[in-house]
Amino acid sequence: MSLNARERMLRRAARDISAGMTVNLGIGLPTQVLKYVPADLAVCLHSENGIAGVGPVRDRAHADRNLIDAGGAYVSPLPGTSYFDSAVSFAIVRSGRLDLTLLGAFEVAANGDLANWIIPGRLTPGAGGAIELAQKARKVAVITTHTDKHGCPKIVARCSLPLTAPGCVQRIFTDMAVCDVTPDGLRLTELAEGVTVAQVIAATGAPLIVPQTPLPRF
Amino acid sequence: MSLNARERMLRRAARDISAGMTVNLGIGLPTQVLKYVPADLAVCLHSENGIAGVGPVRDRAHADRNLIDAGGAYVSPLPGTSYFDSAVSFAIVRSGRLDLTLLGAFEVAANGDLANWIIPGRLTPGAGGAIELAQKARKVAVITTHTDKHGCPKIVARCSLPLTAPGCVQRIFTDMAVCDVTPDGLRLTELAEGVTVAQVIAATGAPLIVPQTPLPRF
Amino acid sequence: MPLPDKTCDMATAIARIPDGARIMLGGFGVPGTPFCLIRELVRQGQRGLTIIKNDANETGMGVDWLLENGQVARLITSHIGLNPRAMQMMNAGQISVEFVPQGILAERIRCAGAGMMGFVSDIGIGTVMAEGKPSVNVGDRSGTLETALGADFALVHAARADTFGNLRFAASARNFNPLIAMAATTTIAEAETVVAPGGIAPDDVHTPGPFVDQVIALPELPEVYGVVER
Amino acid sequence: MPLPDKTCDMATAIARIPDGARIMLGGFGVPGTPFCLIRELVRQGQRGLTIIKNDANETGMGVDWLLENGQVARLITSHIGLNPRAMQMMNAGQISVEFVPQGILAERIRCAGAGMMGFVSDIGIGTVMAEGKPSVNVGDRSGTLETALGADFALVHAARADTFGNLRFAASARNFNPLIAMAATTTIAEAETVVAPGGIAPDDVHTPGPFVDQVIALPELPEVYGVVER
């Protein structure tokens, strides 16, 4: 993935974050999306360890030892930030107060199934808060490279790994495309600059519905 | 009930409140017990509307409009008082953090059954917090006149009214006696000054176990 | 990144409530009761309401206004003993009343607010309070199933709010307010003081902003919020 | 009426913990982890412990000390990915690990702390997380039964305590601390600052004193509480 393609993917995902939302960003690529959210957009970032209104990351020299986000980054408060316990934090998630979560994926299936927490026999760290985020955010989007480092598709017909949540993903942002989970199957919705439909189909492990009309580029 | 007998009953009940306890006092007679608790005794009064460390009642002129106890009296904070929501308040009760509750009674039975919240067809106000206090305080004691205003026993063999909680009462303080609920039945434990065992038996609607040894007086 | 501004005028916020709505109200007695929001609801006159509140206030206050105006179909509560009108209307079949033990009412509301379906407790076993409730085994013990109790709207009274909806309550006026704020589809908070974000320190927030949808600054407080002269 | 004084020295408080105890620990990562209480538990060497904590800390910190010292039989947690020793010991069968989704862990702990038996949720349905859990119908929906998770001891880290046990937490160091404080038979709180009653305003208390049994004033904080240099 070229730097350029990565940046376009992040910028495209950022466009789905709109004013007034409460949003949870997973560790890794999802957090990177923040750089492309307009600085004046009124959005509340939630962190599952007990923060609403997460502010910018601080370097170690200026860090508050008591203020990390769920990924362990030292963050900062904003005017209007609040702290709360872990039960309240997941009450926000489970009661539907989270408008959007952006998550990473090991595998995401055409039916919206998501696997992003365990690779049996290799990585068994526990799910943390992933299961509840994936199952209960009003909108769940995945941001991931279209293929893994071996070139294998991360978008598959059926997940082979244990699920984080079934049928939870509504949209997938990759360096090649935006795909939406629909009742009819996975639909190719947008194309990255310089990428062809044929390339996306070749890199995807599941059937894709490709509209006849020209696709928007990002 | 003479003023003297009432005062002795209240003073006797107060002696069961010991240092370190968290205590909830019901409306009416139970609250009156406070006057006889030594001013320097380290005790935490709980009020189910969300106060630990309830301080003295204030007159209207000095009342804080936002600070009432569960009986509607304007109270005051102490050094160390805390306020919390109703779920936390009953978490204190149900998780066994309440060492003692003193409650009033319509009827209390020899087996510890308590009825103090509803008189069907006459008084149906709802139970408020009575059911959880009666069922979950570590120790539940009733304080009541031995008979009602018609001279009928308030201590009965079986309650005729709907129960607040079955088998919850461990001790009963009256103007005539202290009685304890035991596996063998209701035991007469102490006598008020000037009251005979025969008088207590006559005023009690349930069999009493009367020890052969002399009873302490209060 | 600024946090969203949720300030709103009272008439607009209350106008979103339709006839037949399920409405939770804060308050235990006077403290914490959102009298101004209730008064606006009386002015607008929505009918057939289900009201969920710890108590029915007293004559001439809060819930009593709604009862007097014939807007209430159903009341879910722990205690109505201080409101003779509520007792009379219940006995006359003009409103239906569901009594719930106070702490169970609090937990059923919180349960909905935490996005759960129900909980199992032993409260009320052996009394009429547990009658008709399904039994659930947990390990070798048996309890009763209590269902989550949510609502369409929660009307909350806060001492202080910021424009994002972070709330602070005063003393015993907290009571059910933080719980109902979690449990409704739409939470409307009236506040005695509304400040800019930052006006409540992050460690001092009682109800976090994400639970709150509209924030309404109260003008001078009407007398009903004051000390009750009985 | 003064409120009870619960201050205690650390060795005495920890000495009440027997072998085989179930112990809850606060903390999400470094913030809120009661490192000094854990270090005393390592010094005293109680064995066969069940540890309930959001995560297993990192190498050379907190839970890792207990694992290294062979004191842990069982770990109930949401995530151990930052502790290679925990992963190795689990894979080698030296400790048993029960994974619980983070918010369900929080609620199971709170459920015990609220004196309830369990709750019903739909979290994890369709995944391995719900396998083997009893199914409960709530109305026309089906959920899984989650059981209350209590403990013998809770070890809590507070920023500030008064001598009665009212606690304040700092920023994201709050996390599981208020929940475990409710859920244990005995709650021991270490605090960076201990003040006289009145030193925390009644509206500003995060964990009310009745939940706390012993309060321990920390001397100067060891380096492990500081910003992690990775």
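Read from first to last, the chains carry the letters A, B, C and D; within each, the first residue is number 1.
Following the convention adopted for this analysis, a residue touches a chain if its C-beta (ideal position, glycine included) is under 8 Å from a C-beta of that chain, and two chains touch if they have at least 3 such contacts.
Model, not experiment: these values are computed from the prediction.
Averaging Cα atoms per chain gives one point for each, and the point farthest from that of chain A is the centre of B.
Look at where the CA atoms of chain B average out and do the same for chain C: the two points lie 30 Å apart. For this pair, chain B with chain D, the centres built from the Cα atoms lie 35 Å apart.
Residue positions 107, 110, 114-116, 121-122, 169-171, 174, 202-203, 206 of chain D are each in touch with at least two other chains. Shared contact sites, meaning residues of chain A that touch two or more other chains, fall at 77, 83-84, 87, 90-91, 93-94, 136. Of all possible chain pairs, the ones that touch are A-C, A-D, B-C, B-D, C-D. Within the complex formed with chain D, the residues of chain C that make contact are 107, 111, 114-122, 134, 136-139, 141, 143, 145, 147-148, 168-171, 174, 202-204, 206. Interface of chain C with chain A (complex): residues 1-5, 110, 112-116, 162-164, 166, 182-183, 196-198, 200, 202-203, 205, 208-211.
Interface of chain C with chain B (complex): residues 28-32, 54-55, 77-82, 87, 90-91, 97, 99, 101-107, 109-110, 121-124, 126-129, 159, 169-179, 206, 225-229. Of all the residues in chain A, the ones that touch chain D in their complex are 47-51, 60, 63-70, 72, 74, 77, 83-87, 89-91, 93-94, 123-132, 135-136, 162-167. The touching residues of chain A, counted against chain C in their complex, run 19-20, 22, 37, 39-46, 52-53, 55, 77-84, 87-88, 90-98, 136.
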